Structures are given as structure tokens and as C-alpha cells.
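Presented sequentially are two complexes of chain A, the first with chain B as partner and the second with chain C.
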Partner chain A sequence: MIFLKWAFLNLKRNKRLTLATGFALVFGFTGLLLLSGYIKVVDRFVSTQTIYLNMVGHIGILKSGSVEDAYRNPEKYLLSSEEQKEIEQVLEIPFLKENIEKVSKKLTAFALLSAAEKNLPIYIEAYSEGMTAYIENHPQLVKWLPTLLSKIKSSDGVSLTKELYSMLGHDVNAQPIDVQVMTKTLDGYLNGVSDKLTGVHTTGLAFAEDVSAKMSLPKLQELLATDKIGTFSIFLKDETKIEEVIKQLKLSLKGKGFEIYSYNSDEIGAYYTGTMSFINSIGFFFYSLIALVSIFSIVNTLTMGINERTKEIGTLRSMGFNNYQISNLFSLEVIMLTFFAIIISSILYYVLSSFINSLKIPFEPAGSSGYVYFTIYISNSIMLAHACIILFISYLTSFIACKKKLNFNIAELLNEQGVYK
Partner chain B sequence: MEQLITILKLKKKYPLGDTVIEALKGIDLKIYKGDFTAIVGASGSGKSTLLNLIGTIDDPDDGEVYFKDINIFKLNENEKAKFRNEKIGFIFQSFNLIPVLNVLENVKIPLLLNKKLSEQQRTDKAIESLEEVGLKDFVYSTPNKLSGGQRQRVAIARALVNNPEFIIADEPTANLDSKTTMNVIDLMLKLNKEKGVTFLFSTHDEKLMDRVSKIIHIKDGLIL
Partner chain C sequence: MKILLFLFLALQVKAQNLQELLKVSDRARGGVAQGVSWNVKIKSWENELQTERNFQVKAKDVNAYVETSDIGRFKGEIYLFNDRTIWFFKPSLKKPVSISARERLSGQAANGDIASTNYARDYIPKLLKKESINGQNTFVLLLKAKNKTMTYDQIKYWISEKEKLGIKAEFLTLSGKVFKTAIFKYSNSIKFNGKQIPFVSEMIIQDAIQDSNKSILYYDKPVVEKISDNIFNINNISR
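Our next item is the complex of A and B:
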């Protein structure tokens, strides 16, 4: 108890310095929390967009080599019906079954859409039946991308983005019209199918909004004259189980010519990884900046405190305290100050985040189509993790700051002028 | 009498700009248990350097100091720290009390390193030590509320609290008026006689000479 009182009274003795450092720590730590809360929101935004809106799923199963070569030789790199059955059998394993929420087959193709006397190049994605309805009201979309939900209307026919509707000169809410879709089959013959234009969707990606179309899987297979598919997209009930599920899938499908990727890999989630590496780089820069300011504040406070209390250090050492024990006394002061700063910062983090979130500020992230609300993620785990990091940094910094002075011999310390002169 | 400190050919030099000051030029000295010894000399004669070396708070250039049969300069830093904590008490000219702690807490400081003691035992020992110096009624006062003489008494209580065999005092009365000086010296003498604590202190106050059992005159780094 005496050490705590000692540390507290020493902090109190240097009120101005303590307050200055305390403010620096509070601003720094609050900044770190808000920055982390924002990065977390962007992460959830981009991952929800990737997993649900673009239907990549948490995990994708593809034929080996298809990521690199499927566009050059689709016939070879698509999954045959036998291979699909093989994968479907593995997905029946109890552990996988209990963790998987939904499985979709996915097939894609470039094509030409004709309607209302206009022709548009499109990129079609086709999924298993009911998938549009599955994602339309998915809790994750409702939670993270509520503003984009209005851009989705599920259908059994062809679905286009609002941008393509506009290019066709057709109103999204008007009566369905007939459309024709043409492309080359996998054998190289020109083929076409007719369907109704009934749905509307969004990719959430600015660069894909003027080409993205969706249709039912059987229809696209008919257009391509194949029963093959490109990918199995697997949606999990609990995202934290992703590594375990991938491990089980890799084990069960080992040596059968398939590749398994998670949504946060470059192979199937390039948009996610690209966006997050950019955001994380910026975040890391600011994070480092804030951490450095905090470290320098602590070093500055400690150095001034140590210089002022040189004689105290000498006295303690003459009484038998070793360097480590004296360092700990100074560290205790820094940790106490950091602890107070963490409490105030945490309150500020909750208050500021709640306030910002309540404002519902519309915000369009770079590369996205449509806006989302600018929000800060409020999380105890973010706060606790950062508190541990900053306490550790404080402890380490205090040790480094004390080291130089403690290496003086005791006679020199006692002869230096301190507060007891 | 039991020999407590044996000093052999102790030398210490200090760099001062481009020159080197020879603070001690080869001191030989013996201190016995129960001695009440004053080291007397002019300013810069080497008194403080000698006390610092005996107290292991400075390192010599040459020579040896034995505490009983322990060569104290052969000890490593942690052993020296333990030695200072258990065997020696220090009293400083400017008291060196911790201003943010009260009297009781100041006296308890050396006991904090003894993990075998409970908090209550530390408090009891500190109060006992404060009783010996006549400051029982000031345990919860802070040092800035005390007079110079009272502060030095607190410093003496702190030096005594671990029951050291030996107390080193570097000009303990230099910051005190003559009446308080006599009180402090009387207190040190009383502790020397009643508890058998060996005192070695530096002074240039001639009035104290008739009260000490042994006087060592030092001049230009040599004992006269």
C-alpha cells in the first residue's frame, strides 16, 4: 500500500506535469480506441460486402488451379457433377453440417444482354436457388450494411444493378420485361436464353455496378450448355469457426484436386484483402504516431521526475534498494497515471462513439457504390486489448527512461541537486 | 574489542576537468565495535569520500575495506545492496527524507525490502525506532512540518530501524543550529551507549570533539 500511496503522492506533487502527460495519454488512448473502432467497422463493412453481398461466402471450394486458369480454359477448371457430389458428401460430415449455415453453388460468365432494343455487356453470377432471398434479409447485412438493403429485390429471373437498369432506360419498379442473354457455350458455340428481368441488386462495388447481373444457376448452365459450376460458397453460422472448418475441409478433401480458400484470401477475396491492407496501413501509421506521442510524453515526464528526484534515488539505493526495485517505483507511477488515463479514455470512447453513431452521418467509402453510416465500433475487447498494450508500453518505457540515471553510482546521485537541496 | 571495519591502503581519485584529484592517498584504518568515531578535516580533505567508500556507495581505485571478514568490494551489486540494507544505516547532512511520505512511512522504507516482515511488524518496528529518538508523537506528520533537528531525528530513526551494526553519518549536524546539534549528538551517543551501535561520522565542528571516543584527523587524503 505504501508504494501505491508513494506513487500517487508523487504524481500529485508534480500536478502540472502529471496533468500534461495525463492529457496526452487520454487523447492518445482515446484516439487509438476510436481509430480501432473505425477500422473494425470498415472491416465488418467490407467483409459483409464480400461474404454476403458478393456471395463469396466465408469459404470457397474450387478446383485446383482454377483461380489462375479458369478464364482461359473453363471446361477444364470448372467442377463437374461428379466432383460436386463428392464435395456435397463431405459437407454432410456432422462437424461441418453443424457449423455451416448455407451452401451455394456459383457459376459466372461474361455475356451480352439484350432488352428494350439495347445491348449491354454483362458479367453474370448465378447461385443456387434461394440465395438472393437468403442474403436479402441476412442479420449481418441488416447490421452492417442497412443502407444497401433497399437496393436489393430478390427474383427468380434476371437481376441487374440500378446502374444497368438506368443504362437500359428501364425503371426498377416497372413491370418485368423480357430479356435475352447471349454468350458462347463452353464448347464455343453461340447460345442464347430468354428470361424475365425481375430483380435488382447491388455489388456494393463502384467498379462492378455497370456490368453486374444475376440469374438462376440452371438458366446460366443452360446458357453455357453445361452442368458444371465454378465454386462452392460456404456460409458459416459462426465466423470464428472458419479456421476449424477449413482444416476439416482440407483434411476431408485432401488429394482430390480441390483448393479451399477463406474470404480474406487474395484468391477469392481480393477486394477485401486489398481494401483492408490499405486501411490497415493507414491505421498502422496513425497508430504508430499516437503510440510514439504517448511514449515520448511518458519519457518526458519520467525524465523530468527522475532528474528532480536524483537524490531520492541515491537515498533509496543507500538503504539497499537495487536498480530494479527503484525502476519499479517509477514504473508504478507511470502505470498508475496510465491506468487513470485508460479509465477516462474508455469513458470518452463510449461517449464519443455513441454520439457519432447516433448522428448517422452518411459516408461513401472509397470504391463503394452507395453510402453507409459513419460509425465507430464499440467493443470491450478492443478497449481491453488496447489497455493491455498501452500498459505494457508504459511499463517498458518507464524502465528505459530510468535505466540511464540508475547506472550512476550512489555517491554521484546523492551529490546531485534534487528537490531536497 | 571486536574489529568491525578494517581499511587497507584505500585510494580514490576523481577527474576534475583536465586534472585528477587524489581524494584518498592510501588510508589505513580500523574501527572497533561500539566506537563513536569522528572524522575531522577541512572541506575537501577526503572525509566524505572515505565514508562513501566504507558505505559501498562509491568504488575505490585501490585498497580494501573489510566488514568483519567480508571484503565489501568483492561483493556484487545485489550483495552490496543487501549489505547496505542489513548492516549499515546512513544519516545525511540534508536528512534526505521522502517529502511525500509521513514520518512513519519514511522510517519504514528500509523495512520494505524485508519480505519476511508483515505490514504490522514493520509499523511496530518503525514506531519503536521513533520512540527511541523521541518522535512518537509525530508519526503521521510530513517532513515539511518538522524542524531541522526533528527531521534529523527521523533520519536517525530510519537509519536505526533495521538494527544495523554500523551507522555512517556524513556531517549530520552541518545544517543544524548549535543547540540542536548538541541534542542530535547526545541522541547518537545515547544510542551508541545503550544499543551498542557503532557510529562513524564526519564533522568539522570543534565543539563535538570532547564528546567522541575517537577522533581521526584527515588532511589532503591522508590520516594525520
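Our next item is the complex of A and C:
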């Protein structure tokens, strides 16, 4: 306890150094928290977009080999009705049932859309009935991507993006019109179906907005003359259960020729993994930069402080304090200073993040087809994790800085004139 | 001056002869002004899939009406060739859909596109050389598309010297690489202007990039007949 008091008094006595190190710590720590909060928000944007807006789901079940070869040979790599039944039976297992919020079947195809005297190449995605309504009202989408919700209108017929409506020269709010969709069936014959153009949707991806179309699963199956599907998309109630659910699914479907992936895998969530690896690389660079500047500031001010207090170290040694106790005293000072800096930084983090979030600054992330609000994620766990890291770094840095001085003998220390030997 | 004029006239005559050669060869593949009808069976092998279709074709000048004679899910399928536009219709569609350039590069549409190509109308011929194929002397022509709407920019075409029939064609990409080849056989005949003339009986269309992709068109019962223009009117085709 007496060490704590001495540490506090020493900090108070060396105001100049305390303030210099304190400022470096506060700015560095606040910077790290804001950067982490931003990366976390981007992660939420992209994962929500992948899971809900693009309906990938948290988990996807596909036929083995379909990721590589389904486009070349869809007939072989799609899930037959027997395989679908097999998977549906497994999804009835109580553990899975209680963790799964929604299951959707998914089928995709390239096709030609003909309407209003125009032909457009499209990429159609078809899902089980009621999926658009499920997505449209999903709390995660409402929470993270509210600005994109205005671009969605449920549909029983064909749904297009606003860009495709504009390419067709048809108004989004006008009366539904007949559209013809044509493609080759899985067995190689040209086929076409008619439907009503009733819905609007967005992929959230700039590069996909001028080709993306959606239609009901039975209609696309009719167009492709098949009862097969491509993927089972599984939406969980609690995202933290992904690994457990995947483990159970792999166990139950072992040796049956299926592959199971989570949304953050390259196989079914390439957009998520691509975007996040880019963001994480940039984040890591800035994170390292801020962390290094903070560490060097601590080392620098501590070394200066210790050099200035060489005589004090000599006095403590002559009074009978051993190296370990003296080193601890200096470390305690740094930890105490770091602790104060963490408190101030955390307050700054909360205040700045809340202020930035309240401004609702619209911005369009690279590759996105719509704007979102610039937001900083406020999280106690981010703060606590960083606090632990910075406390450890501070302790380690101070320990290393002290160690060199403590190797001198008492006479040398007492003869020191104060600074910079 | 007289020599130049002579050369110019000689070249004009040569060009006219090549054009005439193309017209005659087109006639043996259905390019008959008053109308001709036939049945065709198409066997295709594409990306490990084998398909077989049967059609009844009614062609007149630059138009062709092709209706499936298959039953089941193909019943009522129609391909309408209006000059260079290909329309596709089946009962599940409310309106016919025009087939895009991309669709014309593979499958039935590609077969139809190649089979219906009117070389004399759409291409400018240039004599490359003479060559012997399976003992037949042929003229080898390089045909260049008259406009950019054509599916193939250039075609290398072998026409037999004696019978003036197209024996072989290579469909080239813009860079001059072979994209597809077609080989024609003429065991059928039709009565044209009071004379029996040969008519195509088999056409083998081979993909040059993927060897395993090919189609064989078997022509049967070709008859010259009067065909009404109404069947080529797209507005008459709807549900």
C-alpha cells in the first residue's frame, strides 16, 4: 500500500514527465479504441450485408465439389430432392432446431430478361417463400443497414434492383408488367417463363446492381426444368453459436457428400472475407503505427525520468531496497499512470463515438451500392481488451527501461549528476 | 487506260461470279425464294450433356419458321427467324423473346443461326485459293460480314467446283481464330425450276475450342412449296 502512495506522490512530483507520458497514452489509447470501433462496425456492416441482404445465411450446406464445379456442371453438383430431404431431416435435430431461426433453399442461374422491348442479361437468385419478408423486417438489418431497407420491396414475382429498372426504362413504383425470363435448362435446352415484375431489392454491392434479379424458387426451378437446389442457407438465432452448429451439422452429415461453410469463409462469403481482409490489413497497419508511437513515448519519457532520478535510485538502494522492489516502484508508477490514461481515454472514446454516431454522417463504402451512416462501435469488451494490452505493454516497457540503471552499483548511482550518462 | 478498264471489268465479273456461287450454294441449304420445308433432327453433345430435338422447318427467302415436333415439355416451342433476328417462343411465355448474340453462340440457337446463315446476302466473298477435299476440287472463299450485327465476322467457306455446294465452313472470331466448323452433306434433293437439285441432308457443327461439343443436323423430306408470309409475322405468335 505504501508503494502505491509513493508511486502516486512520485507521479505528482514529476508533473512534466507524468503529463507528457499521460498525453501520449491517452491519445494512443483513444486512437486504438476508435480504430477498433470502426473496424468492428465495418465487420457488422459487411457481415449483415452478406448474411441477410445477400441471403448467404450464417451457414451454407452444399454438395461436395459444388463450389468449384457447379457452374460447369450444375446437373451434377446441385442438391437433389432426396439430398434435400436428408438435410431437412438432420435440421430437425433438437439442438439444431433450437438454434436455427430460418432455413432457406437457394438456387441461382444466369438468364436473359425480356421486358418493355428490351433484353437484359441477369443473374437470378431464388429463395424459399417468405424470405424477402423475413429479411425486410430482420432486426439486424434494421440495426446495421437501415439506409438500404428503403431499396427493398417484397415480391411474389420477379424482383430487380433499381439500376435494372432504370435500364429497362420502367418506374419502380409503376404498375407491375409482364417479363419473360429465358435461359438454358440444366439438361441443355432453351427454356423461358413469364412472370410479373413486382419487387425491388438491393445487393448492397455496386458491381452486382446491374445484373441482380430475384424470383420465386418454384419459378426458377420451372425455368431450369429441375427440382434441385444449390444451397441450404441457415440463419441462426445467435451468431456466437456458429461453430457449435457447424460441428453438429458436420457430425450428422458426415460421409454423405455435403460441405458445410460459414459466412466468413471464402467458399460462400467471398465478399465478406475479401472486404474484411482488406480492412483488417489497413487497420493492422494503423493499429501498429499508433501502438508503436505509444510504446516509444512511454520508453522515451520513462528513460528520461529514470535518468533524472538516478540519485534517487541510489538512495533507495543504500536504504536497503533491492532491485526488484525499486523496479516494482517504477512499474507501479507507470501502471498507475496508464490506469488514469485508460479512464480518460475510455471517457473520450464514449463521448467521441456517441458524438460521431449522433451526427449520422452518410458515407458510401468502396464497392457499396448505397450509403450507410459513419458509425463507431461502442463496446466495453473492446475497451477492456485494449486496457489489458496497454497495461501489459506499459509494465513491460517500464521494466526494461529500469533494468539497465539497476545494474549500476550504489556509488555510481549516487555520484550521478542527474542525467544522461 | 484501256488496260486498267479491262482489269476493272474483269474484277467486277469475278466478284459477280463469286456472289453467284454463294447464291447457288445457299439454295442447297434452304435459300429458296418461293419457299421450302423440311424436317430436321438435331443431336447435340455439349458440356457432357446429350440432347436430341426434332423440328419442322418452313423457310422462305430470309425468313424461317421452326416448330418443334417433339411432345411433352417441348410441345409448342417455336423459333422464328426474321431476317437476322431470332425469336423464341413456347407456351410458358406470354410473348416471344428475341435471342441475344450471346445465346447464338451455343446450343440450339447457335445451330439455328449457323444453319440459317445466308452467305450471299450477309457476306462479301473473296477467293483465297483452290483446294481438294476428299477428292473434290473446291474454291476456298473468305467471307467478310457486311455489317457488325452478324454473329461471325469472318467465315472460311469451301464450295465444290463441280456442283457448287458448300462442303465445309469455318466460323472465325474477330481475331481470326476458328470458333466453330461445319461440314455439309447433300444426299437429299428438291425440285427447283423443273430440275432436281441437291439439298443438304446432314450438317455437322463442331466447336473448335471444346472438341467434345458438337451437333449433327439430319435433314429429311425437303419439299419446295408455297409458304404464306403470315407465319413469319412475330405478332401472330403469342399465347
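One rule holds in what follows: the second predicted complex is superposed on the first by the 414 of 421 C-alpha atoms of A that agree within 3 Å, B and C clash if a C-alpha of one lies under 4 Å from a C-alpha of the other, contacts with A are read in each partner's own complex, and residues count from 1 in each chain.
Note that in this section a residue touches a chain if its C-beta (ideal position, glycine included) is under 8 Å from a C-beta of that chain, and two chains touch if they have at least 3 such contacts.
In this text, all values refer to a predicted model and were calculated from it rather than measured experimentally.
Using the contact criterion defined above for the overlaid structures, shared-chain residue A:K403 touches neither chain B nor chain C, since it reaches no partner. By the touch criterion defined above, A:S114 reaches chain C but does not reach chain B.
Shared-chain residue A:A411: touches chain B; no touch with chain C.
Of the two partner chains placed by the overlay, only chain C lies in contact with A:E222; chain B stays clear of it.
Of the two partner chains placed by the overlay, only chain C lies in contact with A:K184; chain B stays clear of it. Number of chain A residues touched is higher for B, counting chain B against chain C.
Legend: residue contacts after superposition of the two complexes on their common chain; A:K256 is shown touching neither chain B nor chain C. When the two structures are aligned on the shared chain, A:I2 is found in touch with chain B, with no touch to chain C. Of the two partner chains, neither chain B nor chain C is touched by A:K237. Residues common to the contacts of chain A with chain B and with chain C across the two structures: none.
Touching chain A in their complex are the following residues of chain B: 52, 55, 57-59, 77-78, 81-86, 90, 92, 94-101, 105, 108-110, 112-113, 119, 158.
Residue ranges on chain A touching chain B, taken from their complex, read 1-3, 5-6, 9-10, 12-13, 311-312, 314-323, 325, 409-411, 414, 419-421. Against chain C, the residues of chain A that register as touching in their complex are 72-73, 75, 112, 114, 119, 121, 178, 180, 182, 184, 187-194, 222, 225. Of all residues in chain C, those touching chain A in their complex are 44, 46-49, 51, 53, 73-74, 88-90, 92-95, 97-100, 102-103, 107-109.
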